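There are two complexes below, and they share chain A, which is joined by chain B in the first and by chain C in the second.
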Partner chain A sequence: MATANCWRCLGRPSTHRLLAPSSLTSFKAPTSVAAFTTSATLLAKDDNSFSMKGHVRTGKRLVLGKKKKGRGDRSKPPGPGERKAFRKRIQLSNDNALKVSGLPELEAQKLVDPAAVGQIVSLPTDLVDQLRTVEAFKPTQNWGLFRSPHMLVRKDTVDFLGDLTKRVGNKETVRTVIGGERGVGKSMLGLQTMAAGFMNKMVVINIPEAQDLVEARTDYSPIPRTTPEQFSHPSYILKLMQAIRSANEEILSKEIVKLEHIHLPVSVSRNSSLASLANATKEPEFAWPIFNALWQELLQPGRPPIMFTLDGLSHIMRISDYRSPSFNLIHSHDLALIRLFVEALGGKTHFPNGAAIVGVTTKGNSLKVKSMDKALEQAAADQAGLPIPERDAFYAKYDERVFEALKGVKVFDVKSISKPEARSLMEYWAASGVLRMRVDEKTVSERWTLAGNGVLGELERASLYVSRL
Partner chain B sequence: MAFAVRSLRAGLRSCSRQPTAARGIAPPRTALYAKRALSSTPTRRADDKDSKDSKSQPADSPAAKETPTAAPAPAAKASKPAAADNAELRESLKTDVVPNEVQGLMSRRNPLKSTPSKSQRQAEARMLQTYENQSNFTAEQKAIFDELEKEIDLLDNAVTEATAVPKKMKKETFWGEDEEDPDMLVEDIDDEEPADDDIMSMAHGKLEEFREYREYARVAAWQMPLLSKLTRKFEPPTAEQCLRFRYTTYMGEEHPAASKVVVEFSPRDLPLNAAQQLKLKKLLGARWNPETDIAKMSCEQFDHQAQNKRYLGDLVEKLVAQAKDKTDMFEDVPLDTRHHQIKVRPKFPKEWRLTEERMQKLEEARQQSLLLDQAKEQGGQLVDGNERVDKFFAEPAMANLRIPERLSVKKSSPRASR
Partner chain C sequence: MASKLSPWGACRSLTIRTRSILQHGQRQTAVPFHIARRGLADNTTSRDPPPGSDGALPPSMTGQSSVQQSYTPPPPEQFAPNWLNADAIANLEKVAAGEDLYDEDVGLKFGKLDTLPGKNDHLQKRYPEVIDQVTKLLMRDGKLSKAQRDMSLILNFLRTSSAPKVSPLRPLLPGAPPAHTLPLNPVLYLTLAIDSVAPLLRVRNMKGMAGGGNALELPEPMAARQRRRVAVMWILDAVNKKKSKGSGRAMFAHRVAEEIISVIEGRSTVWDRRQNVHKLGTAARANLNHPALLAKRRK
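Let's turn to the complex of A and B:
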């Protein structure tokens, strides 16, 4: 073993050198170096020192022919579809949130009662199941922050649903498009509409994302003997039919098949219920004929009223990404399911039992469809009794079918919430332990103003996103 | 002996000639003494002591000042080495040479005068003559001496030439400054000395500026009020004067747009009905402004304003005639306004103005909200998120557990009872 003292060093051998030989390796600031020495300076340096890192721009040095080792995540990558499932998951409860007691449960009457405006109501478990089945909840909504699903009954809700339920009760057909600024709660109003539909014993059919039908994400097949040629989405329709059956089982199981369905590939006995008709097949290729048969059955007099809602209206007002066998792009309205909705919305379908056809527009994920914008503008002007704005004479690409589809619809513009509504909502958030601040008039007014005078989405953004994962 | 004479002469001449440094070239600095390789003692010249002695006689001492015989130290110092050399020579020549003549030769001090003067040459000749007279030479010897002398003369001339003060060479400067420039005009340049009693040109400029200010101030004070005499009352244009022409003047300057004429008119002012007006708007195209309902056309294709104006007048007449033409009223053509974007300028809303009434209302609303908060706080309904969370965590942990209940459920289950 070499001595700790330097051979040629003129320094006196000292005890501390003998005691701490390891200090030689980590020689940063030698405190007891001899004043004069002929031995070479110690060049071994600390690995962490700057000078060992080479050039200042070492990270940018080109390294060829070598794979970086020890980098990257060695864990198993997520399986196919796992990431999307995580992204699209809907979490309706959170045990970490505090339980808010003393809030009333939602009833059918509450949604149309002007006195209930500004109340937070909890959703009954059955209703939550139904809404979940028809995919009324959206992954973008913040249900996962709270102990159990609650919602605000706002003035727009009462206005819209009061009118809707009254007219549907009179066996009228309500054809409405829900519009409004981004984040004001259009999809939420759609959910409340569906809740009202379930509570008022309507058959609720919901297409949660219209873009799933037009962006060539699901399989499609031509429907034989149709002119012009139409196309169905076998898997999607099968899934939709099962959702309709399980969400509306209580109603559908009471209704009995009235029509002869000889042409159907499956035998449907006359006395079977509509629920069993909806459940008649698990084969995607038979999905469209059976769905069509179910639709025809529902249109028969004496049936419960239908509620057909669709979210993302602008997506179905354009030419889809699907192609026909002759490789032409298919217009969205030639896709059978969309055609069903569009004909209902445009007033071509007669509903003897009353119906509510509601299209919800989106602003976050939407296309600029000039035809739809103009049609809705005209519809709104017509509704308000104003002179109808004319089409732009120099825009050649107006789609006549869009104007047909939106002929005579009512446009409901969702507005921002008022301060009392914002206060009750913020009180609920605070009581859940999500909004950790004192909720008084000052803070409410502050947040309400911050949120563009009560745009609900912005209010959530200003208050909740601090704690959102 | 003869050798000695000639060498003496050569030596004399060379002595009489002091080498001069060539002008313009710095003489090489030669070391006066050998440098010691290493020494701790201070360097000193051999004759340092003498100079020290001469210096030790202080120049400013009263005795030195008073006595004119005491020469100034630097002069003495300069003459010293030369005097020492000459003394040695004198010593060697004492026996043979007439001391006066040698003295005279040695006394030549003018270094610039390289060639020996007449008297010097005579002295030389005389000196040589004495030598020749004293010694007896054969004819042969004389011939050899003559030859030698010739050679020495040649050498002497060569040396004289080499050591002569060089003639002043005309420098060829880099910029050629010394050359005469025939193209340069020198007559115009005023070589007069600047007058000391005048101010600077910048100050003159400043003065000129003030003069200009004052001139316009005078115009404003005296002449401009007279313009009011020329005022005319405004007369709004009549229905006949529906065209408004605009001319441009460039104040006498030539300008390509000087002959340009612009006409503006509104289709409403023309004698047309609604359909004809609409047709006129369609005909006008991008020249019609839908926001102001004014059409604007210009012409500058002719040389004179009058011609351009005439053309515009004719054009408007033609347009009106076309608008009145019933054969095709362009009903199928939509009115195109794409050339004009109407800018929306948001204005401060009237409702937002802070009037007294509104301020009172706001104050009331604030009071009410305060009261509401107070009432809620008293009633225990005011919600505080932090408080709720703290309260939840402050509760005993066991209160949240429901383990006993679960256990009891298990116990009461039918399977357990079996």
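Let's turn to the complex of A and C:
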């Protein structure tokens, strides 16, 4: 390394004397320096090492208390929506798991047949596609551990769906709230309900997560000429309508538009099918009027029955996080899509073709809504023929609209599974290679007891996970 | 623990009537007859005096017949003929014959355990050893429950990801099962990855022993648990350098599981660290005969 001072220079090795002339001119032209010396200034770098600013040994000064500047992460950040997609990813098959052969395929009859209780059935591919389109599968369920989607037909399934299909077949309106403990299989029963709806040729509409509609996550806009003012979720409704169309394509394409829709922003001819009506727009701002038109069409006599399900009922029984133009919080029931559901559940909408309106409560991600709890308590007592419990006289915040929305609903309490059901489920797990233990009466009984006497979610946790989840 | 031949175990299950215990005292002739009959005081119902006595007074107060009547001991009472006694007698006979009394699961409601718990086993050791250790190493801020959730998500990710392709350059432990069977046994998958990449030794620096203030590097073997710990810490170092690409609770588990897979497939940088340690350890083998060390040993 060349030293700062010139070796051959006769003068004292002083940086000041060496550097003064060069710094007066420019470093870009070192030739202007006295030719007497060659090396030092020529070798010097243009910028920092010999500049006049600061001390000459500035780089070597000990600096304490300062962090080294990191170079930063230069890799590409995840794209918009990518992180959420990772979180919400639903995997329905696992090629590592063993194939379980010999299990029957699900049919409409299997879901209402008491003899089928305790059977594991496989979901046919078309049905899986339909259920996937309406987002009936949840990311928290364990579909991804098995080769292909199978499910247990349990006693609650047969009880609930037997009654439901019979009454819908008689063109009645079934209005039910599915309740039960945490992890007992409420959403799964909701999925089975939708499966029954698809197999019985009903038009299935599903709101998979009610909290998406009230937590101010999606865009909203006021609907003109409504009193009290209502709001729609344009892009959510558009997505929902496309899901309805593609899941129910077979039914909707056979139905012909009956009403005049002159007020609609798009032209709908009388002979077009309901599927094309649902597909009429890609514009979010036209989504609500067209969805409303589709709903009115479905309410006409002679149409197939409707199944409208919603998961996470407690979320829509409160004041939402959206604000009106006057900056007041909007009640959830003033959001148009929720209003549609709530009026159907509360019995205000008349369904001439029969309908099943099913609200699924959730215990894992739920709010404490006292009005809803009380309303469901009263409904359950009414159903059982017991004296109806009074409201708490010292609680002033009861919401009348919630009581209105749940007036006259049936409450279906999902129970835990029995030991034979647990056994067939565990045998399926073992056959898939996921559960690595002998399945006999002792182990089934042990796991069943560990799972809080057959709470299905706990049974999974006790059996499918090595460590606790 | 009592000797197996002790008869007391058998005696414990004997049923003997209390009255007969009292009557054993009758063998001592010094005891007056009426004391032995004191058992009657337990009976609160009114009754006639015994036929041989006069009136209500006890014989000692009447002054007569202070001379003891000749006492004939009653025949020894047999054990009550019930099944408990039959069992007990059978047990006694067994003990007398030198057999083990507790061969069968008599008295156990749910039968014996298949494998008896070992000396150091207890309820908390319900997870496989590696799982337990790695879970604790994943733990941050004492949140064990969160670490356990991460652990089970890692295992689930290993279970659902496609079978790894093992690189011949980075061989796994000898005797490892074929790679396509690994995803179905995620615990084995994880154990295999950790044990394969774990260093065999560590290099210990003996301060100042090399002379001139230099440290003497000495290779040292490690126990299995230590080796696993080092491997997991290396893996976690590699994981922390990876960028998080998702949100939600599964992301960390996802990154760890990806690193485990890359260890099995031989892509991970952890293998280089292992190799460096082994190289250093091999070079440091020469120091095992260093004079300073020998001198120290001689002391």
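In this section, the second predicted complex is superposed on the first by the 386 of 469 C-alpha atoms of A that agree within 3 Å, B and C clash if a C-alpha of one lies under 4 Å from a C-alpha of the other, contacts with A are read in each partner's own complex, and residues count from 1 in each chain.
Basically, contacts are C-beta pairs under 8 Å (C-beta built on N, C-alpha and C of every residue); 3 or more make two chains touch, one makes a residue touch a chain.
Predicted model, so just to flag it, every value in this text is computed and none were measured.
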**Report entry** Contacts of A:Ala136 with chain B and chain C, given as first, second, both or neither
**Finding:** neither
Requested in this report: Spot which of chain B and chain C makes contact with more residues of chain A, would you?
Outcome: C
Report task. Using the superposition on chain A described above, determine whether A:Ala97 touches chain B (first), chain C (second), both, or neither. Result -> second
Query raised in the report: Should A:Val112 be classified as contacting the first partner (chain B), the second (chain C), both, or neither?
Result: neither
Query raised in the report: First (chain B), second (chain C), both or neither: which does A:Gly433 touch?
Result: both
Report task. Look at A:Ile244 in the shared chain and tell me whether it touches chain B only, chain C only, both, or neither; answer first, second, both or neither. Result -> neither
Requested in this report: Using the superposition on chain A described above, determine whether A:Met317 touches chain B (first), chain C (second), both, or neither.
Outcome: neither
Query raised in the report: Where does A:Leu294 make contact in the superposed view: on chain B (first), on chain C (second), on both, or on neither?
Result: neither
Requested in this report: Check whether A:Leu145 is in contact with chain B, with chain C, with both or with neither, and answer first, second, both or neither.
Outcome: second
Report summary line: Overlap of the chain B and chain C interfaces on chain A comprises residues 98, 433-434, 436
Report summary line: Per the touch rule, the chain B residues reaching chain A in their complex are 334-336, 338, 369-370, 372-373, 376, 382-389, 392
Report task. Can you check the complex and tell me which residues of chain C touch chain A? Result -> 127-128, 131, 135, 145, 148-149, 151-153, 155-156, 159-163, 183-187, 243, 245-248, 250-251, 254
**Report entry** Interfacial residue positions of chain A with respect to chain C in the complex
**Finding:** 73, 75, 78, 82-84, 86-87, 91, 94-98, 144-145, 433-434, 436, 465-469
Report summary line: Per the touch rule above, chain A residues touching chain B in the complex are 98, 393-394, 427, 429-431, 433-442, 445
